[in-house]
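Consider the two complexes below, in which chain A is the common component and chain B and chain C are the respective partners.
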Partner chain A sequence: MVMEVEKISGLKFHKKQDVAIVGAGMTTFKRRLNETGRELSYLAVKQALEEAGITIDNVEMVVMGSAPDTFDGFHMKGEYLLDGAGGSDRPYMRVFVGGGTGVFAPIAGYWHVASGLADICLVVCEEKMSSTHPHPQSAFKYIWDPILDRPLKPNLIWIFALEMRRYMHVHNIKHEDIALVSVKNKANALDHPCAQVAERITVEDVLNSEPMALPVRRLDVSPPSDGAAALIMVAPHIARQLTDNPVWVTGVGWALDTTWWTNRDLYFPRYVAEAAKMAYRQAHITDPRKEIDVAEPYDPFDYKELHHMEGLGLAKKGEAPILTREGVTQRDGDLPTCPSGGLLGVGNPISAAMGVKACELYWQLAYRAGKRQVAKEVTTGVCQAWGDLMQVGTVMVMSNKR
Partner chain B sequence: MVAVVGVGYSGFNSTTPDLSWKEIMYEAAVRAYTDAGINPRRDVDSFVTCAEDLYEGFAIFDEFVPDQLGAVVKPTCTVCADFLYGLATAYMQIRSGLADIAVVEAHSKASDIQTFGNVVKFAMDPIWLRNVGNAHPYYLAALEMFQYMVERCLSEEDVARVVVKNKNNALLNESAPYGANITLEDVMASPKLFDPMKKLEIAPLADGCVVFVLASDKVARELTDTPVWVKGVGWWSETYGYDTASFSAMYAYKAAKMAYRMAGITNPAKEVDFAEVDDRFAFKELQHIEALQLAGKFDSARLLAEGYFDRDGALPVNVSGGNLGVGNLLECTGGQKALEVVLQLRGEAGRRQLSDVETGVAQSWRYLPTHSGAVAVFGL
Partner chain C sequence: MAVGKKDIECPPYAEGTPLSDADINDKKVTYVEDHPDIRYSWTAGQAISKFLNGLKEGKILGVKCNKCGRTMVPPRMFCELCYKPIDGWVELKDTGTVETFSISYIDPDARPLPEPVIVAVISIDGASPHMGIMHILGEIKPEDVYIGMKVKAVWKGEEEREGAITDIKYWKPLEG
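Up next, the complex of A and B:
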């Protein structure tokens, strides 16, 4: 017996209080054998607290984001990271949506503050991929359905090769156009002090690099990294005390698609589109292409940036490569995309990608990005992450106007 | 205000060879949706699953959640914690206006785990703790039990009485696989696996799933005339290290303090009518009763012996049979606790129904080797 329920319109999005970001921090992304995950968390937290001008004693609650336990070889990794992340002696919770955690953890931080339960919430993301031997890919052996997928011995590069091929096929896109993203992001990363693989390369370098699983080549892919990032999210009355120009979180959204990635048309990330719709509705954005000034879509592969721009509504389906070719997405373009250098340039420590997504967007909108600051005047920006089996989209919209 | 408008569960069983973990989740979810009278695909705004990867045997368990919950292309996420943390997450989502109706799910398919001790070991610090003497991790609980007994001047019988009470309570619970008509002598005669901890004082593993449908007050009043309100939630982490922990269930004390403050409870021992606390090791029940301020520091064992916490006592604790009767449900432990509280408050607890209950507390611990836990206060 299922009863009909009428949704009450207008009730939603009536939060208890607004949420502002007042500080961010991140460690250098690289293979960091000297530090444990706890130490990495500590370094990022320290930087964020200093930027916000508060101490750990002021923090009321802590949200941890960290992707698979198998990377570090820990069960209950969240508990292991607790002390380093400043989570001891306070409410501490770990959230997890695979690779999408990098933007999902700040979303969780958002509801800690927006619900009125916390006035100062610390969001920490940590990942240490170098502990996995021989390569982090070996941890991904265990992400597949044990009956239907695992016997095929898939790995992530080849399923993304399927997706890239499908995307190229549907919109008739050349690899040259996709490679431009890698060229742009790796060059952008030259200005990022935390970058792992920043370099000035050409489209030919990408096309001639070692084939991984065609059409994916070595320079189409971001590297595995170790790193951590942290964000301080606060209530308005705290933000007023700490800074004159906080950055406000105006919308959040997330969506998880079906487990059966084989049954979906991979050319368009509908989960990102759904998540973006939710976030834009909250932020009162109707035309994202016009209203978004700067974007940080998730770019673990160069085609993914384009894919996600389309999912976020920043480009029409199939239009993202054209915008890239025209230079619209350059740092001095009309829609600067991945001005940080993204995962392709700075590195890809799965959840700690928060450092180049949510943290970077905060720095851009607070005009604190230094050499990476985009040329145009910015008010509103969007960041996004993606994960699981090409399945989850997490989106956050920020604005420096309340 | 946030209300529980639907509950569903599957199990609880010592083993479930006929159903996969996906089917357990589906069964519980369908029951919860039917109970709430909703269609998940249309009405639910957010789904929260509580799972730890290594318990599930997947590197990214979050991937396998949406289909069987009806959550495809919907806001769905995982919290790596107990059910009560998930409840707190849904609570915050509703309070922050992100959802009107949110679903929380937690399950245990412990019977799929072949080497449970080794899985727990992987949660320990690899340098200081993981391979101390190659012992089974339960020794940590035994050490804590010994310290607790010394501090509180308890005898072995004091702890054993918890087992007698809970296993007998479980006899009235159709979904408790480990109920038994046992006496104090039986418990005292059971072998000491981890001195001073006896075999019967350790909750055996069990399978099951619990799904809750939560709603904001406006929607809740449309859906049901008798919602059970989530009056308060609290969660707290003390520390990770065994060298820095206080071994006094500080996590439960602080989490309870947070939940009581939210619920406006100033004198828990008087205002709380009954409680479901984590008793995955028998001594933990006594420790948690103290931490929840349901009894004074040195009173819990004496009150237990006097029958104060019995089903017909002044403050019944673990009427469901607790984990000693229902089993260790891993991340679903808090789910079983919250479920029992809601069923009692609704008056749907069958043969074990308590009379005149208005406020109940559910508490869970994140199990060995953590010092974290959560508390939820429910009321009418």
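Up next, the complex of A and C:
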């Protein structure tokens, strides 16, 4: 007899306890930093502990997120980073789903606390891309299928260019409308103390920037960066001791689409939609467009913010460029999107992008984002990351109401 | 437990020591260099070996799943949707449709290319809709490529073919 099982089984998830975030931290994001990965991890953790008001002795378990070992040129990267992440002599694990790691690592931290295995879990993400010469792109060569793809001498940007073109074609979207995302996020980043490429630019600057793999031009892309970020996730009885205003994780979701990426229609990120469905069901969100107050979708490319807004159900298919043009996604708009400045403005140290996704969402909902604080009153927000061979969606919903 | 800093703007400070290219090139910072040299030989496996041997004979091979009804390329030994063995092999045409494309000005190391390369996802005639492979377009100007364009494979000469994806030199517009 075949049991009827729903495709996304998020509602069957039974947690032992709720999960609150009480502190976060991040280093500056720059093209090249002198500090090692361990040292960067230490700096981010120190800041998160300070905000939470705890010491490393209070931390019971540690989750580490870091992307390809190829950047660093050695394996056992999780073990290498262990001491910097405060993970020695306690349960410690490393998780990795490429660019999706920046939200997947906090999801793994959530498992630790929600299950009751830990009451205080530290989540650390680190990336040092600058070690690879002549360019971090040289490491990305090794994500391609060695037999079918690599003989064609691909560059990583190709897959994004192919996806962007398909998205533009299906919805008849102009590059001008996509470039507005880059303009917005780089300007938002002017208010971020850690930003790498914050600047005031125009749509024309984007359209006239150097061609990389058309339609992708230089200013459509976030830069490679070094950096680290940290989050502290705790059980309700710990949160109560530490703060009057914790931010609660109300839903988590993740999904991967087939690795046969040339067999998918690239115009829509199904993997993000599946992950969002799982997270929204857990968070009891039925109409994300109305119920989400602030969003941090993953924006390594300007079109990806739009693509992911549609995957997250924050806009209808093909509607995200219209909302952007109308100013809805500005910091003072109805749906502030990437108020941090995102990867396009603050930088893209792969997994450490947690600092501008999960950490930023926490700071926005805790009203601690300073000059970046969105204009409207916020209760609920969503952050998301994406990676592997354009196939993983990782989604986390947070709320300052329990 | 102590109570942390609450009335703060986050992140409260930005730590880390930025370096420039010159700091490295002029050896102003302490660093070491290494050039790992690891060799690999990847077996192509059951399905892709057969696919590559087909290319050597000038044929594009796909596989069928009778449960979901899909004809798939690149071929695989199991249908990932139905999670069962495939039901047979079929020869596909060496024509197809451009699903999406890009004009690349950079090589795998992000160095500029002397001439741009046109890369495309091409859905293969005879396979199910959107069943594509990634390959290169040729004999066409970048500005003339469009989504939906019909293309045909340009093969290497029989004696040059070695059972590789590059046995197809590129795809050119299909006239008429």
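Methods note: the second predicted complex is superposed on the first by the 389 of 402 C-alpha atoms of A that agree within 3 Å, B and C clash if a C-alpha of one lies under 4 Å from a C-alpha of the other, contacts with A are read in each partner's own complex, and residues count from 1 in each chain.
Keep this in mind: contacts are C-beta pairs under 8 Å (C-beta built on N, C-alpha and C of every residue); 3 or more make two chains touch, one makes a residue touch a chain.
On a predicted model such as this, the values are computed, not experimentally measured, just so you know.
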item: Partner chain in contact with A:Pro193 - chain B first, chain C second, else both or neither; value: second
item: Chain B versus chain C as contact partner of A:Lys30, first or second or both or neither; value: second
item: Touched partner set for A:Arg90, first chain B, second chain C, both or neither; value: first
item: Which superposed partner A:Thr258 touches (first chain B, second chain C, both, neither); value: both
item: Overlap of the chain B and chain C footprints on chain A, listed as residue numbers; value: 73, 141, 258, 260
item: Chain B residues touching chain A - in the complex, by the definition given at the top; value: 33-34, 37-39, 42-43, 45, 47, 52-55, 57-60, 62-67, 71-81, 85, 88-89, 91-100, 119-123, 125-126, 216, 218-219, 222-223, 234-241, 244, 254-255, 258, 366, 369-370, 372
item: Residue ranges of chain A in contact with chain C within the complex; value: 22-28, 30-35, 40, 43, 47, 50-54, 58, 73, 130, 134-135, 137-138, 141, 146-149, 151-155, 157-158, 161-163, 165-166, 169, 193-194, 210-216, 226-227, 238, 241-243, 245, 258, 260, 262-266, 355, 359, 363, 366, 368-371
item: Interfacial residue positions of chain A with respect to chain B in the complex; value: 1-3, 5-8, 11-16, 67-70, 73-83, 87-98, 104, 108, 110-112, 114-117, 139-143, 145, 252-260, 270-271, 274-275, 278, 387-389, 391-392
item: List of chain C residues in touch with chain A within their complex; value: 1-6, 8-21, 23-24, 29, 34, 36, 40, 42, 44, 48, 52, 72, 74, 76, 80, 99-111, 116-117, 119-121, 130-136, 142, 147, 164-166
